[in-house]
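A, B, C and D are the chain letters, set down in written order, and residue numbers restart from 1 in every chain.
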Amino acid sequence: MVAIANAEDGTEGIYVHAAPFFGDGHGQFEFMASEVSREKPIDYATMARLLIDQRDAADGYTIWITGPALVHSRARSDMSWFIDNGFVGALLAGNAVAVHDIEASIYGTTLGMTRTGEIKAGGHGLHMRAINMVREAGSIAAAVKQGLIKDGIMYECVTHNVPFVLTGSIRDDGPLPDVITDMVKAQDAMRAHTVKATMAVLVATALHAIATGNMLPAYVTERDGGLRELPTICVDSSEFVVSKLKDRGSHQAFGVVTNAQDFMHILRLYVERELESRGSAK
Amino acid sequence: MVAIANAEDGTEGIYVHAAPFFGDGHGQFEFMASEVSREKPIDYATMARLLIDQRDAADGYTIWITGPALVHSRARSDMSWFIDNGFVGALLAGNAVAVHDIEASIYGTTLGMTRTGEIKAGGHGLHMRAINMVREAGSIAAAVKQGLIKDGIMYECVTHNVPFVLTGSIRDDGPLPDVITDMVKAQDAMRAHTVKATMAVLVATALHAIATGNMLPAYVTERDGGLRELPTICVDSSEFVVSKLKDRGSHQAFGVVTNAQDFMHILRLYVERELESRGSAK
Amino acid sequence: MVAIANAEDGTEGIYVHAAPFFGDGHGQFEFMASEVSREKPIDYATMARLLIDQRDAADGYTIWITGPALVHSRARSDMSWFIDNGFVGALLAGNAVAVHDIEASIYGTTLGMTRTGEIKAGGHGLHMRAINMVREAGSIAAAVKQGLIKDGIMYECVTHNVPFVLTGSIRDDGPLPDVITDMVKAQDAMRAHTVKATMAVLVATALHAIATGNMLPAYVTERDGGLRELPTICVDSSEFVVSKLKDRGSHQAFGVVTNAQDFMHILRLYVERELESRGSAK
Amino acid sequence: MVAIANAEDGTEGIYVHAAPFFGDGHGQFEFMASEVSREKPIDYATMARLLIDQRDAADGYTIWITGPALVHSRARSDMSWFIDNGFVGALLAGNAVAVHDIEASIYGTTLGMTRTGEIKAGGHGLHMRAINMVREAGSIAAAVKQGLIKDGIMYECVTHNVPFVLTGSIRDDGPLPDVITDMVKAQDAMRAHTVKATMAVLVATALHAIATGNMLPAYVTERDGGLRELPTICVDSSEFVVSKLKDRGSHQAFGVVTNAQDFMHILRLYVERELESRGSAK
């Protein structure tokens, strides 16, 4: 049964009272009260515990939504580690994440830039060559099987049967053969995962973070019928994206304002420590 | 005839020498040498002259690429003015620009926020209602003809036969019936305009600005066969987007770091002044 | 009589109840609820009315706190216009504002950059030459009287007897002879003006905006004993500074996220229009 | 002997030719050519090696310039670790760094916020209480000796005889008794360290980073008379500060766009790994 009304003030018989979920606020003279700020401490320990809890729960399903900044840098090996160790239920991303990741596997560069940030001569064309190779192979999975793609994020997804949804965008080169170029179909493909999600991690992607925020339920129904907030981690270099996410109604998102590669590295470190303290390294 | 080589150093018989176009630099002790900065003066007078020159040129074709921030605010009436006065050859935008603009025409709000920034009770659903009305009408043009949409950006485009391309994105609500949801088709639709462009104005849209930057030629061929740089104005609230545009090879873009609504208002003011001084208001 | 207590919850006999001043909030499903955002409309008309009201009120005293970005650009002539037309009760700024303004008057550059953003050969030393000239003259007022400084912000302050406080900072070159280099004395000098302020305009200066925010009273006592909020306009290129200001307790500040030179230009335009409609151009 | 000329083009007999130091550039079709970007990889391994090299060199003198964001968060214990392990030749900071650090030692909060980001009731006054306690003790060193300050950045500086310069600013509360409130004297105190510096680390402080950038020599003279660039690490949440630093002539600065607490944590991690691989933990 679903109760429906448009007014929020009770005049149609329904009154929205969310305070019991959200608490009742603080005193009147608040310092540091802004919700999203680079100056707030980042609670890696709690995030690490949540990730492990969801991995080990019977119905845990953590979806990761990532942007290309994550692949431009060292974060690629950390993301691969998270997939390899069972922390990723599904990966939702754009064409660019897969393109950069595959260019890195084949040529050792991302957009022609080496791991140490040097620009390789002629490197501006390498991502197109990588795309064309995968197109010839037929799909990313085929390219992995043929030994073309030997490591990285897409490699780990394919070899561990982690489902991924690659959605197109108007600024894509290519795209890769696996990319869903129709946005209505792509949203449907994403929703197939967001509806099952028990946790969400959104890293360095304004576009996909907001898309996912629109789809994510605010609460997860527990087995005993109870409700708990769906934990959502949103990482971006600026306060803007997270504030925007909240402006569109994703109340439960908590924001981390930092660099994506640093975030991934420390998060992995805390997960490894927590696994060690639990005596359960996978 | 097209000469082709991969190496950039002349070893394949082709040497790229762009300096005659770009000049040969400055002294060694430069202050304020960063190319993109909010602290640089903004040359509205030159931009206004260029816009009028292109409007009045026989083959002038200025394309505008705009983001939703432009419609959230007062800039909507300024943008409408530019269309009404012949400065817009084609409009390239996402679903959200049209949705917010049409919500503003029907309900007087954008995402439920009034022109003065107040939040209207129940306003969070108005953009969906607006989309549904246009879907029922069949198209934006039909909704204009039926009198549903009475003013604004889309209204001016329809009544002045200014072509528009609305492209979908993964974060769209709706979308509107005119939106091209397949990204490959949407890129083709955009290219039909970028190839004709003699000037480009990109306002408040990281996604579409970079998409368009990928498609825009660097030079326009004059009637006498000469080459001139295609003037490109890129407006954003942060230095990041314009720097990113340059990183991907849009050398000719010059950046304006400011708020979209302020940009539109001052640009219009300078265009009006220049028109007056030329004695040629429209 | 002043009531004093440390606890905020009434346990010491005092309960803080600010809601009557701040209103009682909105519905539960808010869109666009963030307080500071570049996507919110900017209400120039109200700001213009407030500025004129304060100028024409018997006890009106509007203090302006400005950063150097304002002088780097065309905003210099707009700021001069505001001083010339009686809108500035006092100017609080750092050494750099006066240095750039005086370099502009003597050499036509700011930090060696011309009004159109070109870098002048040898221009990196001009601000030091300007400082040395004023040091030789003895003070800014003396340099104005000797005809060395012929226009601009400091010129208008001197010729209209508008008091100014120039405070030093650790990154200053020079400084100019009028600059108060001791921070304790500088704060006292600023407080002499903030205590009288009936309105405050803070443009493009994180450092001085927060300093002034710390000093500004939240309310102004009217002649009839009533309280009204002290209107505070805070302009910056990013949401960060205004959020930071609010984090430190400046509840009454409302933020404008835009470029300083565009802000000044449009604000002046609206003030001119409002003056015209009131039939009272000074 | 010093050669002096004003023109940069050789007309006064001196021609500046810096290319041998800076290299001669790349090809014409550069991707990712912007110098400062959050999307570039961060080379923690090289930074860690440089820090250890300077610590162990006979004349190594690494100065650290830090902002309060570093103390708001977990980075405080990492910074303390760097001091404790000999990596800090001198600490240059503003009043706020010491205030927050001392509040953290006495009350366990920074600006009333706990280590996990909770706002403590009545916490808005704690930094003032901390300042007053130190004022009563007479100095930070005295407060350490009396057992008032038991851990943290200032504690480590005092107990390890690491010199620190605390400079005032116009937005300071207090200030603490050790703070140099006169900016001319404060600059002199900073210069006493910058002139000896063989490396500089600037974290999360626009104001002090630019102040220090103005003072730092571009090159260090080696014992054999050779010149090498003075390595400078500049960490900030946005590209803006580092670009600004470069605009003012600090060519040798390389920028890290990230969150200060994450930077400190990973840098320490890499230093610990490098020490281990060198078999020389302190």
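Note that in this section a contact is a pair of C-beta atoms (placed from the backbone, for glycine too) under 8 Å apart; a residue touches a chain by one contact, two chains touch by 3 or more.
Everything numeric here is computed off the predicted structure, so don't read it as measured data.
Visitor: Would you kindly count the fewest steps from chain B to chain C, each step being a jump to a chain that touches the current one?
Guide: Tracing touching chains, the least step count from chain B to chain C comes to 1.
Visitor: Using C-alpha centroids, which chain lies at the maximum separation from chain D?
Guide: B
Visitor: Hey, which pair has more contacts between C-betas, A-D or B-D?
Guide: More contacting C-beta pairs are found at A-D.
Visitor: How many angstrom between the C-alpha centroids of chain B and chain A?
Guide: That gives a centre separation of 30 Å.
Visitor: Counting in whole Å, what is the centre-to-centre distance of chain B and chain D, each centre being its mean C-alpha position?
Guide: Here the centre of chain D sits 42 Å away from the centre of chain B.
Visitor: Could you give the separation in Å between the centres of chain A and chain D, each centre being the mean of its C-alpha atoms?
Guide: That pair's centroid distance is 33 Å.
Visitor: What positions in chain C touch 2 or more of the other chains?
Guide: In chain C, 8-9, 27, 29-33, 38, 121-122, 124, 238, 249 touch at least two other chains.
Visitor: Given the complex with chain A, which residues does chain D contribute to the contact?
Guide: Those in contact with chain A are residues 26-27, 29-33, 38-43, 68-69, 72-74, 111-113, 115-117, 119, 121-124, 237-238, 256-263, 265-266, 269.
Visitor: Show me the residue ranges of chain A that touch chain C in the complex, using the header's touch definition.
Guide: So the residues of chain A in touch with chain C come to 8-9, 16-18, 27-34, 37-38, 239-240, 243-244, 246-249.
Visitor: Report the residues of chain A in contact with chain B in the complex, numbered from low to high.
Guide: Listed in rising order, the residues are 6-9, 94, 121-122, 124-125, 167-173, 175, 181-184, 186-187, 190, 206-208, 210-211, 214, 238, 249.
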